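Have a look at the structure below before the remarks.
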Amino acid sequence: MMENGPDLVTLLWTTLAAFLTLATFSFLYKDNPLYKIAEHLVVGVSAGYFMVLFLWTSLKPVLIDRLIDGQYWYYIPAVLGVMMWFRFSKKLGWLSRYPIAFYVGTSGVAIPLYMYNNVNRQLSSTLDLTLGFGSLAHFWNIIIVIGVLTGLVYFFFSKEHKGAFGGAAKIGIFILMIGFGASFGYTVMARISLFVQRIASLEEWGVMLYTYIFG
Amino acid sequence: MKHKLRFAAVLLFLPLIFSPLLAQEGEEMQDGLLAEMQIEPPPQAVITVAEDMPNDGGHKLTVRWEFPKEFTSSVVRFEVYRAYSPDGEFVLRGESPNDFYEYLDIGDREEESPNYMPNDSSYYYKIVAVGTEGVSSESEVGGPYKTYGQWFHTGKVPLLIAVILFCIFTIYFVLSAKGGKELYIRPLAGIEAVDEAIGRATEMGKPILYVLGIGTAAEIATIASFTILGRVAKKVAEYQTSLIVPCYEPIVMSVAQDIVRSAYLEAGRPDQYDEDSVFFVTNAQFAYVAGVNGIMVRDLPATNFYLGYFAAESLLLAETGNAIGAIQIAGTDQVSQLPFFVVACDYTLIGEELYAASAYLGRDPLLLGSLKAEDWAKGILMVLMVLIILAVLLGWDAPREWIRVNL
Amino acid sequence: MNIFVRMANLDRRWIFVFLFLVVSLAYFLRNVTSVPVNTTKEVESIYNFIEGLDPGDKILLALDYDPSSLAELHPMSRAILLHCYRQDVKVVGMTLSQYGAGMVEEVFRNVKSEAERIYGKTVEYGEEYCFLGYRPYPAFVILGMGENFRIFFPRDYYDTPLDDLPIMHRVRNYDDLECVVVIESGTAADMWLVYGSARYNMPLAFGVTGVMAPDYYPYLGNALFGLIGGWKGAAEYEKLLEQEHDANRGMLAQVVAHLVIVLFIVIGNIGYFVSRKKTKIGD
Amino acid sequence: MKRRVPLMMVFVVSLFMVVQNFVPLDEWNWIYQFLLDWTMIIGILSLLLGMWSLWKVHTQKIKRKSENYGYSFITLSGLILMLIFGFFPGSGGIENYWYRSFFYYIMVPIQATMFSLLAFFIASAAFRAFRARSVMATLLLLAALVIMVRFVPMGPLSPIVSDAAGWILKVPNLAAKRAIIIGVGLGAVATALKVMLGIERSYLGRD
């Protein structure tokens, strides 16, 4: 098949993909029927896609297979999940609070995790910096520590940003802004490559079309 | 030649093997013969201990053995064998280099795994020193050694202390706030703007768009956003403006529906609540963006809120919102997305400010109390940082290790 | 309307059109022309380090990525491997990426034949390079290798005992290697820092994706002696090596895109300042 | 029953989630994994609510003949087709040819293109926002400019720019990120605690 160039079916699918790519790009100009088609199509298709995917690859092995297997304790989450459906009823709608409460309750996992990742680890890695005036690198580390401290001052809510405290908070927000600018500037590279990849896929389609027509 | 000799030796001593008492003697003599041919097997390793690895569920053992150092060059490697009983089947677990007398036997928790290593079981080990000439010597069987799970992860002591201290702070300040203690809270521009933004939408007769992000209902940022949504929806109900809440996740949608309905109820306008104002779009990231952007350019909301967990869609939403001239208030705890919100939105709640906002808007003393706790924690953290840095500069490194969490 | 006011309030669609055309054009010209890439210290220091090694020296190259970041990271792996082969530096390869072993093995084989073609040398498995394969539990592996490679890698990817590989003779742990270079798309980077560099203090360099790079700049100069970030970093290395390839071809589009954006920022600012002055006078 | 039991449930589940982090025992880990399965099962079963909502929004648009209602047919047919491809007996589920083709040739290109629009939006946002209006805006602008200009060959100036870019990424960028991350950590823990203790309960709605 490949020796004879692309087959018609693949070409048609790829043409559809190219058309939808261009339709999505047309949003840059303004909202228009082509974009509306692409948008409405992708919303419907993706919602269906995940419904099917989750049912076959998650719900079946995690719940249904286990229930068939006799792991009856999995009836508890199944019942909780079904309680969500009581929302369709006005009278029994409050039953859905049970699964929601359980679901929200699992957020407790964040307490040790955030404390470790965001606080303990950051504190330790700040303290691991070698400070001093001996070398430039060590001097910059002092600046980093000052930056972290002033940044934290900015996040104080119960103290008025006035006087020396206000000055520190001001330095803090300045450092935050430099950080934001840097991240913004650095991300440009990654975003441009996304666009280049789209052009590459359009080029691929063009080549395919050309070889199909002219051989 | 070698084989012939060995064969002859075996033949010679064959009858003796049948007698267990004499068998050993025979082996010794065989060894003597081999020594004559200068192929001496390496000495035996002696297993000293197999220790349970701490801080796990009991599926790892560290085997240690002793071996005369001067024979290192006569050994290629050590092979580690393990069995469930001293005379059971010994299975090769791994190898160790010739000068390393330790092996970490890592097993799996899952019974289905071929590498399954149940906890609370006894294990027996045998070390085979593989000699350079292909002759190896087995150690005596060592054991039984037990693995067991631990009740507490000792490396996490600093983490536990941090969590407990913070809990105490929070509870203390919440209780004292409940007691009616007045708390000062510095103004936040993003929060002050909320009323004005809703008012503007009312004047223009345009809707308000509220995006909860793409997190689940268990995401902390989403939970913070729920509270803010409650306040916004109440204002919206009072001003009789319309609200659009497109959702990414069905549970988030369900919660948001409850919140908006309650807000209308609280504002005394339950009849004004439109069930379809909170709806599901899709749970594919960029399809969701396509949908929300479509809503924006067609319904032209006057005010957009983006509060919660956001990934790459942050700028796609914020730029479209900017193009339609909406006032935009954003907030997320995702550090990588903050720059885009800061650049493209009118007001941005940076990180912790998002969590604080839910307390601000409510002016609920209970919620405000926790802000005070956060400030105290920050203060202590800063003092700790400075003190430890001073200690380290003075050459005392120990405090740095005290606060380190070792996973 | 005054031209400066117009400059300050340019319709964003002009930017879109301009960017679209210019970047597309740059993309289609990728094989025709290229841009000079200015090299940075963090990449140069890796290049100079390897350049300064003696023939026969050995380095450890960990390719901890999987097919999803192949496009961005492969040019780096390729450039570093080629450089080592050119300098007759021997490479001990490994991966800590669960889905990467097969792909990484292929990377080694492909670059081997490419190096043979370009430099006319024979690059032989076991002599000039070897591939140890994948092991789970990255933290343990990195720690273990600080004692002896054979603890976690008694045998290589092809099940050959390490001692049967000439390249591994008298290589015990990090001390017997000149440096460790990690091309990384996942979380193992942090572990290389914490369990590798902090504990064993070996010279360590990273090649990471563009999104990850800003997070590792802070380690430059202390834990890391060099850092290659994304396409640009790879392009720099290719340029230093004088082996311009994929990364350099992609650079033209990147450079013009950045130029366009900078240009529009400048236009916006000029328009803003001049028109603001005018209105002030007008008031 | 309507409020107290859910709040107690939140407390118990939350507390378990905190404590299990410190207990490496297998039994605890098993419960933890089991509870994570619960969240997955509840999440997937409630997808039905999402589907229902999507269906209702678009059928009502059609019924009311509101603006652009014609496009709602596209959404609904996309949804129904995918469900048929995936669930029709004997269709092969996720291996179904049409299901996969719709994914590869409709979902992937549109989503990837949507993502790539960021290249343009990042440019227009930079153009509009990077004006030296105030000290803060100027710092933002300068930092971004230095990082972007790093790409452009400028002869003898290049090493200076690359040094400056390196410094920005290394010093203020790190300090800024760390301060935000620590703040987020404390805020998130406080919020999670408030949820656990039932102080923050807006997610339950009111009666």
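Labels A, B, C and D are assigned to the chains in the order they are written; within every chain, residues are numbered from 1.
The definition used in the following text is that a contact is a pair of C-beta atoms (placed from the backbone, for glycine too) under 8 Å apart; a residue touches a chain by one contact, two chains touch by 3 or more.
Keep in mind that what you see is a predicted model, and the values were worked out from it rather than measured.
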> Which chains touch each other through the most C-beta pairs?
Replying inline: A-D
> Of all the other chains, whose mean CA position lies farthest from chain A?
Replying inline: C
> Counting in whole Å, what is the centre-to-centre distance of chain B and chain D, each centre being its mean C-alpha position?
Replying inline: 18
> Per the centroid of Cα atoms for each chain, what is the distance between chain A and chain C, given in Å?
Replying inline: 24
> Roughly how many whole angstrom separate the Cα centroids of chain C and chain D?
Replying inline: 28
> Approximately how many whole Å separate the CA-defined centres of chain A and chain D?
Replying inline: 4
>> Using the touch definition from the top, which residues of chain D touch two or more other chains?
In response: 18, 21-22, 39, 42-43, 46-51, 54, 68, 107, 110-112, 114-115, 117-120, 122, 124, 126, 128, 130, 140-141, 145, 148, 151, 169-171, 173-174, 177, 180-184, 186, 188-189, 192-193, 195, 203-205
>> By the touch rule stated above, which residues of chain B touch at least two different other chains?
In response: 156, 159, 163, 166, 216-218, 220, 223, 250-251, 254-255, 280-284, 286-287, 290, 298, 336, 338, 340, 342-343, 350-352, 356, 371, 374, 378, 381
> So which stretches of chain C touch two or more other chains?
Replying inline: 12, 16, 20, 23, 211, 213-214, 218, 221, 232, 254, 257-258, 261
> Which residues of chain B touch chain C in their complex?
Replying inline: 76-77, 94-97, 99-100, 103-104, 106, 323, 336
> Considering the complex alone, what residue numbers of chain D touch chain C?
Replying inline: 119-120, 122-124, 126-128, 130-133, 141, 145, 148-154, 158-159, 162-163, 165-166, 169-171, 173-174, 177
> Residues of chain C touching chain B in their complex?
Replying inline: 12, 137, 140, 144, 147-148, 150-151, 154-155, 161, 163, 172, 211
>> Taking the touch rule as given, give the residues of chain D at its contact with chain B in the complex, in rising order.
In response: 18, 21-27, 29, 39, 42-43, 46-51, 53-54, 56-57, 60, 67-68, 107, 110-112, 114-115, 117-118, 121-122, 124-126, 128-130, 140, 177, 180-184, 186-195, 197, 199-200, 202-206
>> Per the contact definition, I'd like the list of chain A residues that touch chain C in the complex.
In response: 25, 28-29, 128-130, 137, 144, 182-183, 186-190, 192-193, 195-196, 199-200, 203
